[in-house]
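Per-chain residue numbering starts at 1, and chain names A, B, C, D, E, F, G, H, I and J are given in the order in which the chains are listed.
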Amino acid sequence: MTGRNEEELNGVTHLGNQQVEYKMDYAPEVLESFDNKHPENDYFVKFNCPEFTSLCPITGQPDFATIYISYVPGEKMVESKSLKLYLFSFRNHGDFHEDCMNIIMKDLIKLMDPKYIEVWGKFTPRGGISIDPYCNYGKPGTRFEEVAWNRLANHDMYPETIDNR
Amino acid sequence: MTGRNEEELNGVTHLGNQQVEYKMDYAPEVLESFDNKHPENDYFVKFNCPEFTSLCPITGQPDFATIYISYVPGEKMVESKSLKLYLFSFRNHGDFHEDCMNIIMKDLIKLMDPKYIEVWGKFTPRGGISIDPYCNYGKPGTRFEEVAWNRLANHDMYPETIDNR
Amino acid sequence: MTGRNEEELNGVTHLGNQQVEYKMDYAPEVLESFDNKHPENDYFVKFNCPEFTSLCPITGQPDFATIYISYVPGEKMVESKSLKLYLFSFRNHGDFHEDCMNIIMKDLIKLMDPKYIEVWGKFTPRGGISIDPYCNYGKPGTRFEEVAWNRLANHDMYPETIDNR
Amino acid sequence: MTGRNEEELNGVTHLGNQQVEYKMDYAPEVLESFDNKHPENDYFVKFNCPEFTSLCPITGQPDFATIYISYVPGEKMVESKSLKLYLFSFRNHGDFHEDCMNIIMKDLIKLMDPKYIEVWGKFTPRGGISIDPYCNYGKPGTRFEEVAWNRLANHDMYPETIDNR
Amino acid sequence: MTGRNEEELNGVTHLGNQQVEYKMDYAPEVLESFDNKHPENDYFVKFNCPEFTSLCPITGQPDFATIYISYVPGEKMVESKSLKLYLFSFRNHGDFHEDCMNIIMKDLIKLMDPKYIEVWGKFTPRGGISIDPYCNYGKPGTRFEEVAWNRLANHDMYPETIDNR
Amino acid sequence: MTGRNEEELNGVTHLGNQQVEYKMDYAPEVLESFDNKHPENDYFVKFNCPEFTSLCPITGQPDFATIYISYVPGEKMVESKSLKLYLFSFRNHGDFHEDCMNIIMKDLIKLMDPKYIEVWGKFTPRGGISIDPYCNYGKPGTRFEEVAWNRLANHDMYPETIDNR
Amino acid sequence: MTGRNEEELNGVTHLGNQQVEYKMDYAPEVLESFDNKHPENDYFVKFNCPEFTSLCPITGQPDFATIYISYVPGEKMVESKSLKLYLFSFRNHGDFHEDCMNIIMKDLIKLMDPKYIEVWGKFTPRGGISIDPYCNYGKPGTRFEEVAWNRLANHDMYPETIDNR
Amino acid sequence: MTGRNEEELNGVTHLGNQQVEYKMDYAPEVLESFDNKHPENDYFVKFNCPEFTSLCPITGQPDFATIYISYVPGEKMVESKSLKLYLFSFRNHGDFHEDCMNIIMKDLIKLMDPKYIEVWGKFTPRGGISIDPYCNYGKPGTRFEEVAWNRLANHDMYPETIDNR
Amino acid sequence: MTGRNEEELNGVTHLGNQQVEYKMDYAPEVLESFDNKHPENDYFVKFNCPEFTSLCPITGQPDFATIYISYVPGEKMVESKSLKLYLFSFRNHGDFHEDCMNIIMKDLIKLMDPKYIEVWGKFTPRGGISIDPYCNYGKPGTRFEEVAWNRLANHDMYPETIDNR
Amino acid sequence: MTGRNEEELNGVTHLGNQQVEYKMDYAPEVLESFDNKHPENDYFVKFNCPEFTSLCPITGQPDFATIYISYVPGEKMVESKSLKLYLFSFRNHGDFHEDCMNIIMKDLIKLMDPKYIEVWGKFTPRGGISIDPYCNYGKPGTRFEEVAWNRLANHDMYPETIDNR
């Protein structure tokens, strides 16, 4: 088969490896990256993650969310199986919804140094109210800084219809 | 569990407290806030509140709405259980739809001093017509003032399909 | 205008009356009926009631449901505005979901003596789980008794998709 | 063109006639029928009529419904443009929802003498509650009598989701 | 109950009045307004009106539409029950779709002198084609004039899917 | 490739033939069949045909429908490209909706001698009303005769929601 | 009835005329216009046309599309029944999808000289792929020229989900 | 408040108790029941549980499902907060999808001795395929035994559309 | 972890094995089964398989379908990863839609000897028409034989809406 | 038939040719173009391609996506049947999702030299996460360069709801 050669997959250890370990608490170290082969052209990659779950830091009860992560890669890209293992590490970890989204964004910035990234969590309701935090980032000193501001300024002007059913 | 420590939850009294009291009339005093741990990065938090109900000030008949509240926190954030109790306090209170939305926005501004906030109510119909008020606010003297104007100027150019069923 | 004459509206006092009073607790006495003009032909009437709310008997927190009431009238029919006032009377009343549905069905049987009736409540979730009670009744000694059994035996074999959003 | 010849369109006067008159009150006399060319095989014809409107007999305010009419023709079939004119004649006529559905069914039975017919009205809400009457009929002395009973007995076991929006 | 006092409801005569008369032809005089209590903050109010019907000026056949009216109030706001009576007055009135929308907008401008207003009608098809007129207005000499131009220039770039069913 | 050999495709001339001719009027002779390889087991085949169009026999204006054809094959099966050409032949042909459905069913019975067949047309509205004819057939002397009766007797008890948009 | 007088309907010959002829090939001459009564205010009119069909110029097989036409009228407006007859004239005409959309737009520009117009066709798939051409136009020398450019530059950034079913 | 008295809530310890413990492995002992107050009338209660998660017994990776539980109570009913805690106990437990559903049903039968019960799990896909197990039970020696057989025999004849997005 | 022990996973070789080989032509031999642990209770298992693709036996062009497989296990159950590999083996194999569904059903009967099984394929359109074959089977000499007949007799009376988009 | 003449179809060899060959690996050479007849007016053409499949370069397992390709033609346009053959050539080819989208875009740029082009792939999930890459391009030295930047900067601010079912 054509496609990426071995060298181009340098640093990817989880994908196609059956023996990966699922961490029982917050584990940013499982994140892995690989090289962006199209750095001359800015483009978006989005991850749809409807199977996120964590714990409430106060009551210990489970929280559930769908997380949407979109980024414009710089030189590095996050490998999707390592992202899955990373998100799994929140499973028995407790934190506020707003804090989780900021932490995930910061860990991915640290891993990939992307040109742009945004993270949007959409949680299920507790007590009849649901919370959807959204944070984003544009690399300082690039024109993605302005992109980040504009996307924030125009964020979610058409909230989806929610009826808790 | 990791996450916020006790100090970081200063001022949060309703969450995880089974003995909270449900107020029978408009009670802005139940609102509580906590510290924003990510003040260096502007981000959005949205509350979906499909279980809002109040009374018609003229006829006393019940009104129902889904309320969407979105804000960019400054130093303080509203605690969601206190928000629930606050919205509950409209249950036996009478006011016009348009007035309710403005009041809710003003109370949250007073509580949190946010950089930006918007409140959108979508009511069920009376006499075949439904009313959806939307108000917003950007902190004076910041660039969120312009954000507020732009979001108002571009508000809801794609009204959702309504057929009263 | 043609249609029903005054005599045929005997006993209807709430409809077209602006001075009706909204009761603050469970008030089955507000229910009113009128004559069925087509008793020779069995037919169904369904009420869609998406604006039902009551209180949790343990915690006092509000519950919300959509209630579907379907019946085959005998000699009497329930007047819809009185039904609205009756359902309103649960607004500040506390009872379990399952109990509310049974009580509503029994009050309507007492009012109308219908050939058949069913009441289905679909509540919003608490703690990530929602409850949908369904009860029905066929007049004893008629073939609607068997109808009730068959409808129960075949009830809801295609549960609607629920994701709490 | 092939298809029906002139004789087979006997009695059809409204279709393709620009000068038809719109009646301002209940006018069953505008209904027209034509011959069923496939009487040896029982089959269904359904009319979807989402543009029905009448007046409330008490308050004079307008009511709106979608009406679904399904029938198995005998020797005669209702011509669809005459059906449109007939339904229009309710526009400034006042009657209860339940009465309208029974009247429409009876007028069509008188016109066509069908083997089977059913009429289902789905109205928009007044005061937060909507009403959906359903009536049906099987020709006495045929096995469609039992069909009518069975369809009534199993009517609408999956009520559509209604949220008044 | 708290909320608006009597003085603040000055000029509102239809709401809570059972004796209102339904006009049989175009009646702009039934429109009523009341004071905007939040004039210092620009905000939107939207009316969803899915029960609009008029007559074709050429053939007399009924037309049906859902009308969406959105405005930013100045000193006055339109009272919703009077709006309902006003829209009802088109019921037996004949005019082209495009003309109706412009007339409704002009009458509301005359009544309220709003900062901004837009009216969008979505009609059901005749001959397989449906027509959706949209008109808007920004108060001359204010920055809402530019808002009106921008909203027109960007109007409906994502037409809803229509299949006539 | 494995699958059917040439002999098993006996009589199939249109499929994979670029030179097929599109007939300009009703042409039942284009229908082709092939052998059922699984005659020992009764099974269903459904064709979804959303691109059907014919002409009104009175006014010449075009009619549009989605047709659903379901059958249980006997020894023969209809080849799908020939079915497409057959349905195309109605394109400039005029007939009533109800007549078209009966004709299509009869032509397919004549071609294939199926155990069971049903044809359901769902047309777009004219004058605000749409028509959906449904006819079916079970081979006389087999238990599919009773199947046909039962499917007719229980036909379409949940009419789809139609709003002409 | 009020509304447009005869003079204001000058040039409209198809509407309300039962004897109109359906052309069997491309017939731009059937298009008719009437006067815009609100030329002082720019506004949009959209036609939803889900019943468009033409032929493939290579194979002769039928193509189907929904066409959305939106325009800002100048002094003239296109009459909708003449538009229907015009679109019908493509029924037995062969052309590429992209060419059809450009031709329709050019014919309407020639007829009405609008300030702005856009035409969007959404075709059904052939060989698993469907094609959706979109073209637009702003009157040269007016600020609608820039509107046309901006609408093109921002066209369809949220393609609808397509799964060919 | 009216409703259930203390005695009628006998045995309910989790509801309204903030100190409940979340078990880290399969814990059927947390299930609690209370008395059915309407035992003379058979009725259904359904729990919608979209927040179920367990682990794959082979690979340890997380599985997610929505579980629908419907039952006809006998003398006892399951308390919903204890059900939530019970389902939570699968969070870090590994078992096959089909086994989980059977285990949940058996535990609830043991707790409540219901007249009828069914449990339907709808899992998210792994490797492009998702699995939906369904099991049910009718109390032996009652006519619910036949109900269980009939519901199984007619289970899910209209599988929902699944496209893995 | 609890759940199935090693012995209970006897014969399962693909699951959790990274070295599985993807076969390039029809390969029924990859199917694997494991023991049913709940044989005393009849229950359903459904596989949703939206990623099925094969080739047209005449033209070699690709076909796509969603396949729904439902069965009541006897002593054996099909392992889902082996099912995935089996369905993959059709990827470069050519056969008619109707033949594929029958072959899949027969291979699964041979593997598992189930009490009941059904296979429903829903293909994407070619030439504007799509084909949905459905076949089923009940074990001879058991009451599932009658179940199979009844499910076939009542198959798909509500065809999903198809518009090829 | 009117429409394009032979010369205007110069270079189109696959369309209407039954003997086309399906390539078994990546084959950019099958792409064909034809002349744009409306080069004076910029317009968009979109291809909806829901039947894309490739192989994972690491594991060999199949991947599935819907691809949306939108472009503004220069002098050349891609012929749709050749596009289908080209996309087919990925069927047994292995590459990362992000790489596939970039390759497709580059091949189409090379073929057509378009003014603008964008390619958006939406894949089905693996391990609970799905990936949607989006890349675009504006011709250097034209104002479409800025269009490309703006469309990227505002890309997908409303991610579609994904729940993996």
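To be clear about the criterion, a contact is a pair of C-beta atoms (placed from the backbone, for glycine too) under 8 Å apart; a residue touches a chain by one contact, two chains touch by 3 or more.
In UniProt terms the chains read A, B, C, D, E, F, G, H, I, J = NADPH-dependent 7-cyano-7-deazaguanine reductase.
This one's a predicted model, so the numbers in the text were calculated from it and none came from an experiment.
Undergrad: Could you give the fewest steps needed to travel from chain F to chain I through chains in contact?
TA: Steps on the shortest route: 1.
Undergrad: Name whichever of H-I, B-D or A-C reuses the F-I interface, so over half of the contact pairs are the same residue numbers.
TA: Equivalent chain pair to F-I in H-I, B-D or A-C: H-I.
Undergrad: Tell me which has more C-beta contacts between its two chains, H-I or A-C.
TA: More C-beta contacts join the chains of H-I.
Undergrad: Can you name the chain that lies farthest from chain E, using the mean of each chain's Cα atoms as its centre?
TA: Looking at centroid distances, I is the chain farthest away.
Undergrad: Determine the centre-to-centre distance between chain F and chain G, using the mean Cα coordinates as centres, and give it in whole Å.
TA: Distance between chain centres, rounded to whole Å: 32 Å.
Undergrad: In whole angstrom, how far does the Cα centroid of chain H sit from the Cα centroid of chain J?
TA: That pair's centroid distance is 47 Å.
Undergrad: Let me have the rounded angstrom distance from the C-alpha centre of chain D over to the C-alpha centre of chain G, please.
TA: Between these chains, centre-to-centre, one finds 35 Å.
Undergrad: Any chance you could list the residues of chain B touching two or more other chains?
TA: Within chain B, residues 16, 18, 48, 50-51, 59-62, 64, 124-128, 130, 154-156, 158, 160, 162-165 contact more than one other chain.
Undergrad: Show which residues of chain E lie in contact with chain F when the two form their complex.
TA: Residues 61-62, 64, 122, 124-128, 130, 160, 162-165 of chain E touch chain F in their complex.
Undergrad: Using the touch rule from the top, collect the residues of chain J that touch chain G in their complex.
TA: 1-4, 9, 15-16, 37-38, 41-51, 66, 68, 70, 72, 77, 80-81, 83-84, 120, 147, 150-151, 154-156, 158, 160
Undergrad: Provide the residue numbers of chain G that touch chain J in the complex, in ascending order.
TA: Against chain J, chain G makes touches at 25-26, 55, 57-60, 93-96, 98-99, 101-102, 125-137, 152-159, 161-164.
Undergrad: Can you list the chain I residues touching chain J in their complex?
TA: 18, 22, 48, 50-51, 53, 59-62, 64, 88, 91-92, 124, 165
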